[in-house]
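As structure tokens, the structure follows; a few thoughts come after it.
Chains: A, B, C, D, E and F, in written order; residue numbering restarts at 1 for each.
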Amino acid sequence: MYKFKNSDSMRKLLLGVLFFLILAFPVSAQNTKIRVLVFGAHPDDCDISSGGLAALYVAGGHAVKFVSLTNGDKGHQEMGGGELAQRRYKETQEVARRLGVEYEVLDNHDGELLPTLENRLQVIKRIREWKADVVIAPRPNDYHPDHRYTGVLVQDASFLVIVPNILSSVPALENNPVFLYTRDNFQRPNPFRPDISVDISAVFQKKLDALDAHVSQVYEWLPWIDHDTSVPQSPADRKKWLGNRWLTRSQPTPEIKQNLEKWYGKERAAKVTQAEAFEICEYGKRPTEADIRRLFPMLPAKP
Amino acid sequence: MYKFKNSDSMRKLLLGVLFFLILAFPVSAQNTKIRVLVFGAHPDDCDISSGGLAALYVAGGHAVKFVSLTNGDKGHQEMGGGELAQRRYKETQEVARRLGVEYEVLDNHDGELLPTLENRLQVIKRIREWKADVVIAPRPNDYHPDHRYTGVLVQDASFLVIVPNILSSVPALENNPVFLYTRDNFQRPNPFRPDISVDISAVFQKKLDALDAHVSQVYEWLPWIDHDTSVPQSPADRKKWLGNRWLTRSQPTPEIKQNLEKWYGKERAAKVTQAEAFEICEYGKRPTEADIRRLFPMLPAKP
Amino acid sequence: MYKFKNSDSMRKLLLGVLFFLILAFPVSAQNTKIRVLVFGAHPDDCDISSGGLAALYVAGGHAVKFVSLTNGDKGHQEMGGGELAQRRYKETQEVARRLGVEYEVLDNHDGELLPTLENRLQVIKRIREWKADVVIAPRPNDYHPDHRYTGVLVQDASFLVIVPNILSSVPALENNPVFLYTRDNFQRPNPFRPDISVDISAVFQKKLDALDAHVSQVYEWLPWIDHDTSVPQSPADRKKWLGNRWLTRSQPTPEIKQNLEKWYGKERAAKVTQAEAFEICEYGKRPTEADIRRLFPMLPAKP
Amino acid sequence: MYKFKNSDSMRKLLLGVLFFLILAFPVSAQNTKIRVLVFGAHPDDCDISSGGLAALYVAGGHAVKFVSLTNGDKGHQEMGGGELAQRRYKETQEVARRLGVEYEVLDNHDGELLPTLENRLQVIKRIREWKADVVIAPRPNDYHPDHRYTGVLVQDASFLVIVPNILSSVPALENNPVFLYTRDNFQRPNPFRPDISVDISAVFQKKLDALDAHVSQVYEWLPWIDHDTSVPQSPADRKKWLGNRWLTRSQPTPEIKQNLEKWYGKERAAKVTQAEAFEICEYGKRPTEADIRRLFPMLPAKP
Amino acid sequence: MYKFKNSDSMRKLLLGVLFFLILAFPVSAQNTKIRVLVFGAHPDDCDISSGGLAALYVAGGHAVKFVSLTNGDKGHQEMGGGELAQRRYKETQEVARRLGVEYEVLDNHDGELLPTLENRLQVIKRIREWKADVVIAPRPNDYHPDHRYTGVLVQDASFLVIVPNILSSVPALENNPVFLYTRDNFQRPNPFRPDISVDISAVFQKKLDALDAHVSQVYEWLPWIDHDTSVPQSPADRKKWLGNRWLTRSQPTPEIKQNLEKWYGKERAAKVTQAEAFEICEYGKRPTEADIRRLFPMLPAKP
Amino acid sequence: MYKFKNSDSMRKLLLGVLFFLILAFPVSAQNTKIRVLVFGAHPDDCDISSGGLAALYVAGGHAVKFVSLTNGDKGHQEMGGGELAQRRYKETQEVARRLGVEYEVLDNHDGELLPTLENRLQVIKRIREWKADVVIAPRPNDYHPDHRYTGVLVQDASFLVIVPNILSSVPALENNPVFLYTRDNFQRPNPFRPDISVDISAVFQKKLDALDAHVSQVYEWLPWIDHDTSVPQSPADRKKWLGNRWLTRSQPTPEIKQNLEKWYGKERAAKVTQAEAFEICEYGKRPTEADIRRLFPMLPAKP
């Protein structure tokens, strides 16, 4: 495992890694840009689930967009309403800048998302306009109702994106994208199954940069609901604090470890310190292993 | 017309008036308490429409309740959400204290009220539980959609309050209350018609006390949308400023003047400097003149 | 004015009238059957508004259908739910038998009708399937919310009945029917305007027969909400009691009197003791006077 | 496996089979007609899931009805709206003719079905009016949102069909029918479980006849979304093409094979070339093995 | 009154007029661009109500946008669904080209528009993003339910466009625009009142150009529902036919004539052959006469 | 196993048990009252699922509330509507008296519960106002749609009870309660898993007392839908009949037996004749074993 003495050396390492990545994927970057669309319920969910993956795609010259289906105007202990929504929106745009992705926030109320036809059409519209090859969303079972209904909405859109008579003002896709669920810890009715696990160790710092931009979330609201009063004051200290939290959270579980071996081979998998994992949804395109290696160019061509 | 040199003498006068009022209505206070329920869309609408009337009822020993159908969590230039809703709620409780009324705030979003069955049942419930003799609400035509739909909701409830199979958990009223619309300036499809006009000159200061408690509304939000930057800093000054605004706004229009003459006689009507006026809604009980004089004991027995 | 000594002589008179009517309209009966569809909110509204008109149409060989948009499962002081709805349904079928009309009851809850798309399609379906020439419904302003929304629903259907892409499973009408509002006493935003007034004196007893079949309404619920304890016990007595109530209620107002003169001429109008009146809705076909005389064959060809 | 040289010999064979079937089930045909109701989301889903089963029931003299909850007005690459809905409706009526079933299409928009109360009542109504012994519908997990919500709607109706106060205008059933799910390939949250598998080899041609009537689906829309340009021009050729596709699709999986053995015995199960399979839903009647053999008279009395 | 011998001379005249207009309003064009937003229910309603006014604004260098709240996917006798919606969308873009306006079409179903919160937010969004000074929409009483609910939606948005906590992702306007209703012939609950009437004689041909682009509407659907089979075949002939229809329809009524005199003076008003008229909605900014002359620079500075 | 000769000796035993219980938990009773909230769909569901547990809590001095989300106005073979709802409400208040719990009934229609935002807020409100430590509800898979949607509603509320900006008028909880599912027999998508099983043998009679109060349910409706005509006439006999039914139903399954051993130890578990079991929902607080023993003081401190 890597050991970072200070953030400076970490940064250097990261630059090296990025340089390597850019060299590593020259063909895909020039030829076929993969287009990835991540849905979350709140203006930090996409970063949490897929921030590392996004950094890898962007480094490879691919196009990534994050969409938050609510404006996050409820999840805070002090502020609320438009004031909070606007603060959150600015945080997403800072993430967009740091990660090199697009970040859109729909103006639905936090805590009130429902799987309506109106919302379904909004999801279909985003998938079509982005010409997505890969669509990522939470499973329809998770602790927050907005997460669950985000999952339902993306499922409900999954087939209809190719039906021209639905939302006829936006050209239908020719092919269903691959739909992926993001990782969670819930066991019922069945546990998350890591089908595609991605080594994000090299871009873990990039993911932290993204999370760090969600000041109102990661340093205020989330600690508050956990009764955690350990958040340091200074930006540098609190980012370190955040890093420590996420170092652990991003460690591969045994199941993810096993899946990493499938994609990276035993040797490299053993070195993975941080990973993001995804389950293939049955409702979109069912990709072959070759499809997956093509759509996830950060995976080695052969394990 | 009265001239107030300072708020102190005003207070004395008011005390005198109240004393007089308490003496004037001893019978009604002991015998049959009139029960009045005022609906507004936001946590200041009831005060604006019926604050003076409420003060007169309370002075006569009657029971008055204000209900705001939304929590006012949108109408502010800086705050929003739960933070604003809680501030507004505290303001209503201060009004309750100052006026001697009950003040309830339903937790519907400001700017999003719709005439749903759920909201209709909430209105029916309040009318029944209050055993209202008189129910007051805005007309279904007004500039703010929440005002309009408050009017629709109260209309939709008006007959059903006596149907036992509707909301069977709360005993139905035996008789339809009188339903009244509050004054507005809109002409289409037809103008507000003052059917019952009430001299509030003697309690005008009381109404001001109520409005003054809505700090977030009368000194912040309403001036802001009017681009009015003349609000003074100190509580005393700004209350004077508020008084000047409302002195004018509460002056009887020619139509109200005429209606005041019907109820008070020409002589007293001529002395009325401040009035509130109401239109009888066709959908509830259609009161005779005798009914009205009984239900509005602040009106003289004979004009 | 006619004087009926007993119901027997009344019956004889009625038979005579019917015989006359059958002779009077032989052509229309054979040639072009007028098709009339009356919407009400509850299982007695159609009879109240248009029972006499229906009797005249049926006597002339035309086709009349009543549709109640709710099942009336709330408006009773003791019963409720399916038990009440089934009793009410049986009462409508007795009316159908007595009047010679079809009577359909939709299974929507009483007191909960809303102008949804689903309900709108149900209305469109009935109008098309009946191939209605004339459609009758309450105005969208009336004391009961179900009445108002019945009016809104029929308005919302009025144009769409001729659009083939709407409810494409039921062939669209080639022409918009004439839409009529039924009489009410409400003045705001404007009063009911009698455009077509029909002399129902000759079939008044027939209308009473219909109303008399609504036992749970006219002898139980409606008196109960009026605190009227004068309803006699025996079927014969209570029907007489009902007749007295409706004799008055069906008397033409001055406005209706005036309109009767337009259609019947002064002389006959003067003899009309019972009338039903209708206002032409602006949203369907706008009939000429000739259209009206054709569609209302009970009106004389010339006044 | 059978080899058909031409459609003529196929027809003869089929006639023979039908003759055999009619002889085989004389008792059930005379005594107790089984009443079967199949729900699908679109005007070909019932045929796909249960076309063979339906043919066997009809051959045995039983009553089968197909209901499509949407009108299929979206799923086509060129047409749409009422034009498409009407074409699809005609195709269902041709299926009705070919299979000897009833086929009803509800006028809900394709791609927009939701589990509303209105739709639930529509489902309850069909089940009651058909006096269904067996009700068949998709599982609530499938790739198309309309399929999923069809499953939810039928589940939501399953108990309420016996509650007289629900939809009181249509008499409630005395007993819950058996509810069955149709076969799909989805594994999450759990895979389809074949509880009742039916040998449709003898009526496979009949099922093809039904599918062949859905020209706008099986020869136009479904190949188009699969980018399959191999559909032949002539009706005869394309039907052969369709037959080849479905020969494979209807082959029993190992799980179905195993279940066939339960019902038919090892020997006959080994000869089954085409099968349809169903999972028993836990929410309706839980049939014993004897119930199943009675309700599915095409299964042998003993395996 | 002008007499046009052929379309050529008409074109020349128009060019002259436009040249004059461009000279006439150089200041406004350079200084303060008026921003106008017209809402319609279907993809021809804006043109019908305000096509001439739009042409005048554009000629003066101002910014005009048309928004159709539905995609028009129902109103046709043969086509429907996405096929029709796409055809209609192309027609609007041709109008945009011919008139020099922006034209947006929302993907709501024709014949199914309802005043939901989702639709209200869509309207608020358009008004804010366009920074509209003037917003134009139908009255909430008109023959088509989509027209009525377009009126309701714009009314419901009228105040909320200045509330920052509503749709906080799009900056609120600082001031309420002026809201105008478009002309209709309906009398109940009160007739359309022409408050601002605009002489469109000089740009009448431009309006015709716009209408002529709506081939599927003006030459197919609208004549079909009127059973009018007189539409000529050739594009030139049918445009003449269209011109004749609209020459009459655009003639000022006596009420509009009178209002034209107010704004143009008696002399010029007498020469107006074609006019569009608007009623000021009470719910937005209440403009003074000076405001109106500033916002409608095509009106002379003094009558 | 205990043997009761007559109800008198049973009562004595029970008194003894209660006395023992009161002695056994003196600390918890004095110090920290556990607050338990049970949700059911109908006015007998809470008793069926948790009546024994409630009796044990109450005996230990803790606070228990039952909430029925519908008023039960449909589930009866003869009555319905408000008449039935009021009868059911009185039955719940009798249960409240017998068990020593609070019992609230929301006025939603039976058979029509949906997971709307309005209902979700009602659930959040109850959880917060009760300051619940433990919340109990059915799983979202069960045979009755109202049961399923009760499960969904409580899930949807589970996280939001701690978010202050949601329903800001009622103070948010500081910590998520433990959420538990009640026992059912459904296997799909996965079977109920007994995580916490409680020996209710000692209070089984108390549970019967509660069920016995639901006369309209346990002696009328439930036998009727089961075609069970064996209900005795006299109150004493029918209660015995009820006891026999529930003796069996409350017997621990093998899975529950095993779970009882975990909490009570093998020895005591072997003696348990009646039990209630609960599954821990993943969406609220995830309790440790120590948490569970603290929150369920009827469990022994050590097995």
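We take it that contacts are C-beta pairs under 8 Å (C-beta built on N, C-alpha and C of every residue); 3 or more make two chains touch, one makes a residue touch a chain.
All figures in this text were calculated on a predicted structure; none of them were measured in a lab.
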Both-way neighbours, i.e. chains that touch chain F and touch chain B: A, C
Most widely separated chain from chain F, with each centre as the mean of CA atoms: E
Most distant chain from chain A by Cα centroid: C
Distance between the centres, which are taken as Cα means, of chain E and chain D, whole angstrom: 52
Distance from chain D to chain A - Cα centre to Cα centre, in angstrom: 41
Rounded Å distance, chain C centre to chain D centre (Cα mean): 45
Contacts with 2+ other chains: residues of chain F: 73-74, 80-85, 164-166, 168, 189-190
Pairwise chain contacts under the document criterion: A-B, A-D, A-E, A-F, B-C, B-E, B-F, C-D, C-E, C-F, D-E, D-F
Parts of chain E lying in touch with chain A, wherever the complex brings them together: 71, 73, 81-83, 85-86, 89, 105, 107, 116, 118, 121, 164-170
For the chain D and chain E complex, residues of the former touching the latter: 73-74, 78-85, 109
Complex contacts: residues of chain C adjacent to chain E: 117, 120, 155-156, 158-160, 162-166, 168, 174-175, 189-190, 282-283
Chain C contact footprint on chain E (complex, rising order): 73-77, 80-81, 84, 110-112, 114, 143-145, 148, 186-190, 225, 227
